[in-house]
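Per-chain residue numbering starts at 1, and chain names A, B, C, D and E are given in the order in which the chains are listed.
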Amino acid sequence: KTDEPGAAQSPGQQQGPVKIGISLPLTGDFSEPGKGIQEGYQVWADQVNARGGLLGRKVELIFRDDASDPNRVSSDYESLITQDKVNLVFGPFSSRLVIPAAKVAESYGMLFVEPAGAAAEVFEQGFTRLFYAAPAIASDHYNYLADYILKLPADQRPKTAAYASLDDPFAQGTAYGLRDKLAAAGVKTVVDEVYPPETTDFAPIAAKIAAAKPDLVVGGTQFEDSVGLVRALQELKVQPKLAAFSTGPTLAEFPAAVKGAAEHILSPVGWSSTATFTGNQEMVKRYKELFGGEANEDAANGYTVGQIVEAAVNAVKCVDPTKECQDKLTQHIRQGTFDTVVGPLSFDDKGRPEQAHMIQQYVNGKVEIVLPEQAKTASIVYPKQEW
Amino acid sequence: MSEVVLSLEDVVAGYGRAAPVLRGLTVTVRAGEVVCLVGPNGAGKSTALKVASGLLAPRSGRVLLAGRDVTGLPPQRLLGLGLAHVLQGHSVFREMTVAENVRLGGFTVRDQARLNARIAAVKELFPVVGERWGSLAGLLSGGQQKQVEFARALMLEPTVVLLDEPSMGLDPRNTSVVFDQIDLMRRTGVAVLLVEQNARRALEMADLGCVLDLGRVHISGPARDLAADPRLGRLYLGGAPST
Amino acid sequence: MRTVSRGLPLLLAALAVAYPWLAPNYYLVYAGALTVMYAAMSTSWNLLGGFTGYVSLGHSAFFGLGAYGTGLLVVRLDVPWAVALLVSALLVTAFAVGVGIAAVRVRGASFVIVSLALVSMMNLIVQGWRSLTGGSTGLQVPSPFPGLHRGQTHIVFFYLFLVLLALALLSWWYVSRSRFGAGLRAIREDEDKAESLGVPTGAYKVAAFALSALFVALAGGLYALWFGSLDPIFVFSILIASYMVLMSLLGGVRHLYGPLLGALIVAPAGEYFLIALGETQIHLTATGLVLVLVVLFMPDGILARFTRRRAGPSIPDESADQRLQGVAP
Amino acid sequence: MVSLLLQGLALGVLTGGLYALLASGLSLYFGVMRVVMVAHPAFLFLAAYLTYTVHTTLGVDPFLALPLTVPLFFALGVAVQRLLIARLAPDNLAMMSVLLTFGIALTIEGLLGTFYTGSYKSVSMEYATRSLSLGGVHLPYDKIIAFAVAGLTLAVLFAVLVKSRFGQALRATIQHREAARLVGIRTERVAGYGFGVGLATAAVGGTVLALITPFFPASHWVWIGKLMAIIVVGGLGSVVGAALAAVLLGVVEGVVLVTVDATWATMMFYVFLFLTLLARPQGFFGGRLAHRF
Amino acid sequence: MSSLRTEGLTKAFGGVQAVSDASVELLDGKINGLIGPNGSGKTTFFNIVTGMIRPDSGRVLYRGRDITRHSPHRIAHAGIGRTFQLCRIFPRLTVLENMLVAVRRTRLRELLAGLRDTGEVERARHWLRRMGIEHLEEAEARDLSYGQQKLLELAAVLMAEPDLVLLDEPAGGVNPALIDRIVALVRDLNAEGRTFLVVEHNMDMVMGMCDHVIVFDRGAPIAAGPPAVIREDPRVLEAYLGV
């Protein structure tokens, strides 16, 4: 077989464009964020090519749609690696797809930097070539918020908390990360709901939360359900002192979808459009030129993957799919620290990033970074205004 | 002789792309006359009636109704010209009540008074229709359903009636009712094209008989002569009845 | 026709066996194994669908249960993989008997809906029972052949699926020529009439349902071992059963090789569409339109076009001329 | 606890009304033409997207899209029936229609994805996020609106099917096409209109859905199972049965959601489906004529 | 001795009393006739005897064994075969395949054995030959004419070697020549020891062929006896024959 591990690479592969294989959920459940990641990758490729490419070779992105289906994601990487003989692969979106994808990459000895496999489980599969290109894994997303809450004076500190989470490893990971820390510090969990992705009606869940009158409402959500939950909470007149939801509020569609209810909602975010980290402003600008509209966190994460791999390639001076080269790249990433649009990133031996997510809040209708102290663009509003 | 109301001229017809079932059929029915088609199963008798009522468009040949060329017109147009067709087998609307079935017979009529008069008339002709007025037609016994179909077809006081094996499944009493009805229609000037397997009885009362086979009329003539033809009797009408 | 029906299968079988060695790269071996897996599954599906006319979308559930059963036995109880595969398939078969008893009480459209519900239900259960199945995180099954590299694993599974396909084909053939098969076909045409002729329709249907589930469960189990990660949403997806239906239908549900032929067309075409049109959602539309066209223009499948034509209507009772001899018009 | 139960019950009734609206079209296709229309939810979301477009480009209330979408969907339904469904062989209409409409659903999803991209869209109105409070029980306005629209639509539908000449003609057409033609019914046209009416309900349903939930091209998959379960419990083909079953299941779902959890609440649909089959395969409210002899 | 006996069978559909307190006894080894007006419960009686409908009360005894609540296939295995009022065959199976469906006993090995390897095909051909349709063996059943389908239905029932055969209107819609053939067949089969119960509205056929005639009216037997007696029975004349 031409792709037998260790088979000599044909010389043709040393020239021509650098092909990068990517499978993304362009249809199906994850198509919304999948698109964002795709745009991030495209902005990066555009800029690299403008700079003259990787090691002087043009970058060419090959996209496949996996329809949010893990079976397909495997096929995609299988064909990208063995048939298209890509030089590099970048990861797909969602922890659910990252695991099967990483398996394929791992067994063909390919470096696997991914933008969206944040769940803790991703890093427990024994992958040796996987890196998550964002500041923190899911269970650490709310770390700053947890610190903030626990430092509040005793009389202001919330006593009870309600958690509602989508049955999804990432979404649950974020909510439970916060829950475990707060519960350990004595904040009572009064509602702890998990709902399947099929759920379309959130009013009864909100009713349950309303009945418990919690000080704190935390949603482990993706997009659709975050909107559903917020609307239902508002309709059922739940009035917590603080409300936090993962993912949904970081998307541009959110405030319009919840119709004014976005005010003071908190959300972990790994990236900010106003941050001045390496390349960020250029990225924001180029994004607007290419796609109109504002870049979002997903696009930034895709871009980050590109930045890390680019730095590694430039450092070790190879981009071949061969084992030696991929090993060298992996080695380099494991040891280095990388300047990216989400800040400097470094990884532990399992590929986990060692930094932290920021916390954003809608203040006067605008997204502001409120935590941590050193990055904030506005002060956190607590307790939140009534819905 | 009275005027011709319905005629099929040299009709060729069939289903889908298969070979034609009717291969040059010619039949003529006059006002006040009962024409009886007999013939073995699969000869094309039902097909001939379907062509006559517009359910099936012929591949060639003409259909004339009341002097007009109606070849290829859909049934609802022929209905307006006074044609009614009672299908072979069961064709009640099974999941509708007897009442709905009968009223649908007058679907094209908007005049309520006329409808009500007709309903009363058919109820009298077929008592079971009145008795089971509110029940679902599909729940009636085979023979009862047949009666509902007649009632439905007679709602419009047709001038040409096509009957496809009307006595099939009927008990002797109802069979007589049907034959009496046919006789009555003839006397009021209605033209009847009748398909019957109960050939002896049908030929007895018909004016004209046609023996159909392989999509053509093989023998035709005054019904009584046909019934009396000994060879024909043996071949088509079966052994002499025990009576 | 005879030589074609004898010679062609042999040739195909030889080609199939040689395929992994002919394929230029491992992706094509992988795609081959996937195709054979689908062929095996649609042939199994056809044990129910083709004979009895009961369209089951519930076979996704058997696929998923077979996969999870095998995976859980291997992961949680350290059972050797081959044993796990068989035990799990047998458990699924037993389960199918239970479900079958309830499900085959309804016919036609209701059955389709019930089978659809079965898939959703299993998905909810497997996803909800996190402590056992790993829930939405999925279940990671270790490779049974840790010594082989990925490409070699594809070759091994290609042959395993090929064996399964052979078994499924053999079963279909065996049933089709038996009285059991005749009874099943009669059920497709007119169930009450079949019963009045002495066919125990209930038992027959359940038996066909279970047999068909058995093979699909085996395919699911092999898939779990091969693929290594199971995610409830996608293992219990009606799309999987829809593929079985589409493939069977395209090839021809009334023919032994119909589903196989369908799989040989649909699976590679699916991969092709994805690669050619993968960047937009239009490939969904392409798949949808193909389905619509097949249903409209080839409802009996491709093979129906090549086999015995219908005699056509109009078979007269006896020759009219025989009877009319001597009777002048 | 009692008030929570009451709240769950009230929400369940309202949601049930919505389910009734969404399922009514399905029940109609099946009842009158034995077609299992897997693409109905896809059409619901097609309507939702159209509503979205009208709402965002013209800035008008989403319900003002109805004069546009209802006739459009009616026409679409007529076209689908005349061009596609009518061509299916009657032998195994149920089976083939599942596959055909499955193909249609995929086609629609692909087109939506192509034109609107995969991202979520939503239509939010000020009035749709408030609620009415009655003795501690909150009734969200969007759900009240959905319930009212559903009730109205179903009443119209019922009147059309049972009372009107068209309804009579439609039922006759389904039951015996040749006989229907012989009493003067234009059967092709009637069957087309019947399908059109079914899709017209999807236009209304889609608008309501757009108002209460965000959507993306693949959203329709979630609804197929639930809606199908409803029409089976209601008795396949019975529009009234489906409505009753929808409310029943809505209430069960609401109550189970507040007392147990969301997984079990969704499961209830399927549990009821299987219970129905075991107890009364013809459905609880339908009670159809046995086709046996 | 009687092979089939019913005691007080009753069945109501909603408000309609289809069969009420029907106690019937067949003459073993003879041709029994069952006549009665439309809707008098004859078909329902068949359906109860063959297990397709559960009676509200009463018992069905076959050779002294109570088979009232047995499922249709068990009753078929016990040796009772039936045809349907509107002929039912398997339309998309070939004539030969239609013949191979019927089963009398079922053992797993027989079930799974290849049909062509056992004597079944020979037996099937034998019956087709007796019906005179052996030349149609490979045709799809739906392509047969109605009369041929009726013969096929009967042949398929006979494949299970029933001892008692219930025929629901065997002559309905069949051309007269074929009726003669069916009558002859029934007589032959009866001579070989099979008992028959025939529902029929064709009085010539019933009176000419049957040894014993049972008359139903409104769901219950009102008379039973040899044809000659029945023909003169005033109750029968009034309920049924009286025209």
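Throughout what follows, a residue touches a chain if its C-beta (ideal position, glycine included) is under 8 Å from a C-beta of that chain, and two chains touch if they have at least 3 such contacts.
Note that this is a predicted model, so its numbers are computed, not measured.
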item: More contacts between chains, B-E or C-D; value: C-D
item: Taking each chain's C-alpha mean as its centre, the one farthest from chain B; value: A
item: Length of the line joining the C-alpha centres of chain A and chain D, rounded to whole Å; value: 36
item: Chain centre separation (chain A, chain C; CA means) in Å; value: 38
item: Between chain E and chain A, distance of the C-alpha-averaged centres to the nearest whole Å; value: 73
item: Geometric centre distance via CA averages, chain B-chain A, whole Å; value: 76
item: Shared interface positions of chain B, touching two or more other chains; value: 40-42, 139, 235-236
item: Per-residue multi-chain contacts in chain D, two or more chains; value: 109-110, 113, 118, 217, 225, 263, 266, 292-293
item: Overlap residues in chain E, where contacts from two or more other chains coincide; value: 43, 52, 84-85, 92, 144-145, 147-148, 175, 177-178
item: For the chain B and chain E complex, residues of the former touching the latter; value: 38-42, 88-90, 128, 135, 139-144, 146-147, 165, 168-176, 197-200, 235-239, 241-243
item: Footprint of chain C on chain D - complex, ascending; value: 30, 34, 36, 84, 87-89, 92, 94-96, 98-100, 102-114, 118, 217, 224-225, 228-229, 231-232, 236, 263, 266-267, 269-270, 273-274, 277-278, 281, 292-293
item: Complex contacts: residues of chain C adjacent to chain D; value: 53, 55, 57, 102-103, 105-106, 108-110, 112-114, 116-121, 124-125, 127-128, 192, 238, 242, 245-246, 249, 280-292, 294-296, 299
item: Interface residues, chain C side, partner chain E - complex; value: 174-175, 177-180, 182-183, 185-186, 188-190, 192-202, 310-317, 323
item: Chain C partner contacts - residues on chain E that touch it in the complex; value: 50, 52, 71-74, 76-77, 81-82, 84, 88-93, 97, 100-104, 106, 110-116, 120, 136, 138-140, 143-145, 147-148, 156-157, 159-160, 175, 177-178
